[in-house]
Amino acid sequence: MSDKFDAGLPYLKLHLGEEGAKLAMENAPELTQFVVEHGFADFYTDETLDQKSRKIATLASLITSASLPQFEWHTRGALASDLLTTAEVVALIQQMTIYIGYPAAYNALAAAKKVFAEFPPAA
Amino acid sequence: MSDKFDAGLPYLKLHLGEEGAKLAMENAPELTQFVVEHGFADFYTDETLDQKSRKIATLASLITSASLPQFEWHTRGALASDLLTTAEVVALIQQMTIYIGYPAAYNALAAAKKVFAEFPPAA
Amino acid sequence: MSDKFDAGLPYLKLHLGEEGAKLAMENAPELTQFVVEHGFADFYTDETLDQKSRKIATLASLITSASLPQFEWHTRGALASDLLTTAEVVALIQQMTIYIGYPAAYNALAAAKKVFAEFPPAA
Amino acid sequence: MSDKFDAGLPYLKLHLGEEGAKLAMENAPELTQFVVEHGFADFYTDETLDQKSRKIATLASLITSASLPQFEWHTRGALASDLLTTAEVVALIQQMTIYIGYPAAYNALAAAKKVFAEFPPAA
Amino acid sequence: MSDKFDAGLPYLKLHLGEEGAKLAMENAPELTQFVVEHGFADFYTDETLDQKSRKIATLASLITSASLPQFEWHTRGALASDLLTTAEVVALIQQMTIYIGYPAAYNALAAAKKVFAEFPPAA
Amino acid sequence: MSDKFDAGLPYLKLHLGEEGAKLAMENAPELTQFVVEHGFADFYTDETLDQKSRKIATLASLITSASLPQFEWHTRGALASDLLTTAEVVALIQQMTIYIGYPAAYNALAAAKKVFAEFPPAA
């Protein structure tokens, strides 16, 4: 792969989780190379916005465009990387009702709860 | 107005700017009462996400849904309230290309630049 | 024109107003022939749903898809044909906030108010 | 719960059916409290538009935004509450082809037919 | 059926494949009659754009509107009718990332790969 | 600029026209560098789909996502570069009614006709 791929890959893993990054590369290798070289290497590496802010922006966009598979992977990565708590994800979904209405929020919440179930609260 | 309106109004002003809040109340009084009582009073008052994070989420959603008039007002409020810098708004728009493509980003950037021109850099 | 065009044309005029129907035929004659022969002749002529119900469905769809030029013409036709009152149009826009959020509703209301201004209240 | 929740709840039950309202409250209690207090209490209680008209508007919006889970629940509630017949739902879906095209209409029809199957015609 | 149905039917079969056309007529006979009489008879029969160009336009639109069931049928028809190769479908999906971003492209690619698996490469 | 920028630039000029490419670089230099290095260099240079096919795909996507400013520039480039005739653009818009309905087609046609007026028919 390229230098740009190497630069972007850690951010793919940070935001999707190790498992999500691995599946993306296996299931859609070309598309994933493109999104890493471009999106992750050119944008996520820029610390004008910190990674938590970028995660919030991405989740807000994915809820708005009803891109539920990607929303699930980005939520999983957010929890695995400690970028966001489940309470923060829920607060974000609720805020989105103002801008896109309730159906999209219900669908996002159902997707988020599936992911939350993989992260049991500490004893 | 109601207690909830009073609770939400400061957040409307924070996020749209004083002028934006005033125009919203003049041009669409009923709709603005509803969005303040519900959206701003119920969601923006919740500090699970801080106001900068909520601003980023809102801008990301508005770029994604191509709601340019609202994007302009929220960008204006972000700069007036020092929630975001122009560089942060630009970084956010660029990141959105990954999730919604370039046309929406070009249109958001053109809208943002109109707003930026109202905030001349300090000497 | 065709028999189907003749069957659909009265419904185009009912829903867009005489002026709207005339402009559609002048500015986009082929597209208007297609939409009359198909959409208006095949669907609006079917009284399973009455014309007021169909008008409400169309306005709800146009608000949701942010098709503002068409929303304006259909609102104008609704008022000219006495299918809806301005209060009913406003109530519809407010209800839509549940399903698509506030930005689309604000944009629809601004469009509707431009049309309402053409229909001064009776003395 | 609140007075507004009590005011809105009958309308949630009318539009989603008893079962749909119960599931919404169980699976997404906070989001459902918000949508009842705001959307159902503030908008559905307003008889400027009757409940059949509001149902038509909601279904038209949900077809247009491709919110199929919500479309199914609102269709189920429409039939359970005798707000609409299956023939009216089909006529609505067909009309929507003019405004959003055939793919969304096919997807809505497939969802509607699953719901119709739960309401066998009287002997 | 009508003369227009007879004119459009071969194009439905060309673009969805024999099986897709059959299923559409069985599962949604009225909607399919309308789309054949109007869409296929009026537009696909017009050779201003050849059938390969029309197929590309349709797939691009379906990826953009996230109409995945229709995208699958049109991809299946494209391969069955030799209008496009799998490499061309993949190139189209990749190009779409510029205009609608990566999530829609990943979802389209996953749908396309399910269809590709039905067309094993020649020995 | 980079090697990838140099590789993609001729395709930007081919598809937007010289004037469109110049304006994009002046008004949004960073965003245009990104879209050229990535979108135009990585995708448009790949002749799996020829440039006319790519143009059709792009226009279909832009009509579907209601990205009218970009639709205008790509139409202008299509005519300036002789990739498409005005009749082909009109046929494409008409076909799109099947997939996204009439409002988007009317809006695209109005945008296209503004561009067509800049290309007077030869004497």
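Going by the order they are written in, the chains are A, B, C, D, E and F; count residues from 1 in each one.
The definition used in the following text is that a residue touches a chain if its C-beta (ideal position, glycine included) is under 8 Å from a C-beta of that chain, and two chains touch if they have at least 3 such contacts.
On a predicted model such as this, the values are computed, not experimentally measured, just so you know.
Chains touching both chain D and chain F: A, B, C, E.
For chain C, the chain with the farthest CA centroid is A. When every chain is reduced to the mean of its CA atoms, the largest separation from chain E belongs to B. Between chain B and chain C, the centres computed from C-alpha atoms are 31 Å apart. In terms of their C-alpha centroids, the spacing between chain A and chain C amounts to 40 Å. Residue positions 34-35, 38-39, 42, 62, 65-67, 70, 90, 94, 96-103 of chain A each touch two or more of the other chains. If you draw each protein chain as a dot and join the dots that touch, every dot ends up joined to every other dot.
Residues 66, 90, 93-94, 97, 101-107, 109-110 of chain C are the ones touching chain B in the complex. Interface residues of chain B, counted against chain A in their complex, comprise 35, 38-39, 42-44, 46, 48-49, 52-54, 56-65, 67, 70, 87-88, 90-92, 94-100.
Within the complex formed with chain B, the chain D residues making contact are 34, 37-38, 42.
Residues of chain A that touch chain C in their complex: 96-103.
Taken together, the chain C residues at the contact with chain F in this complex read 24, 27-28, 30-31, 34-35, 39, 62, 65-67, 69-70.
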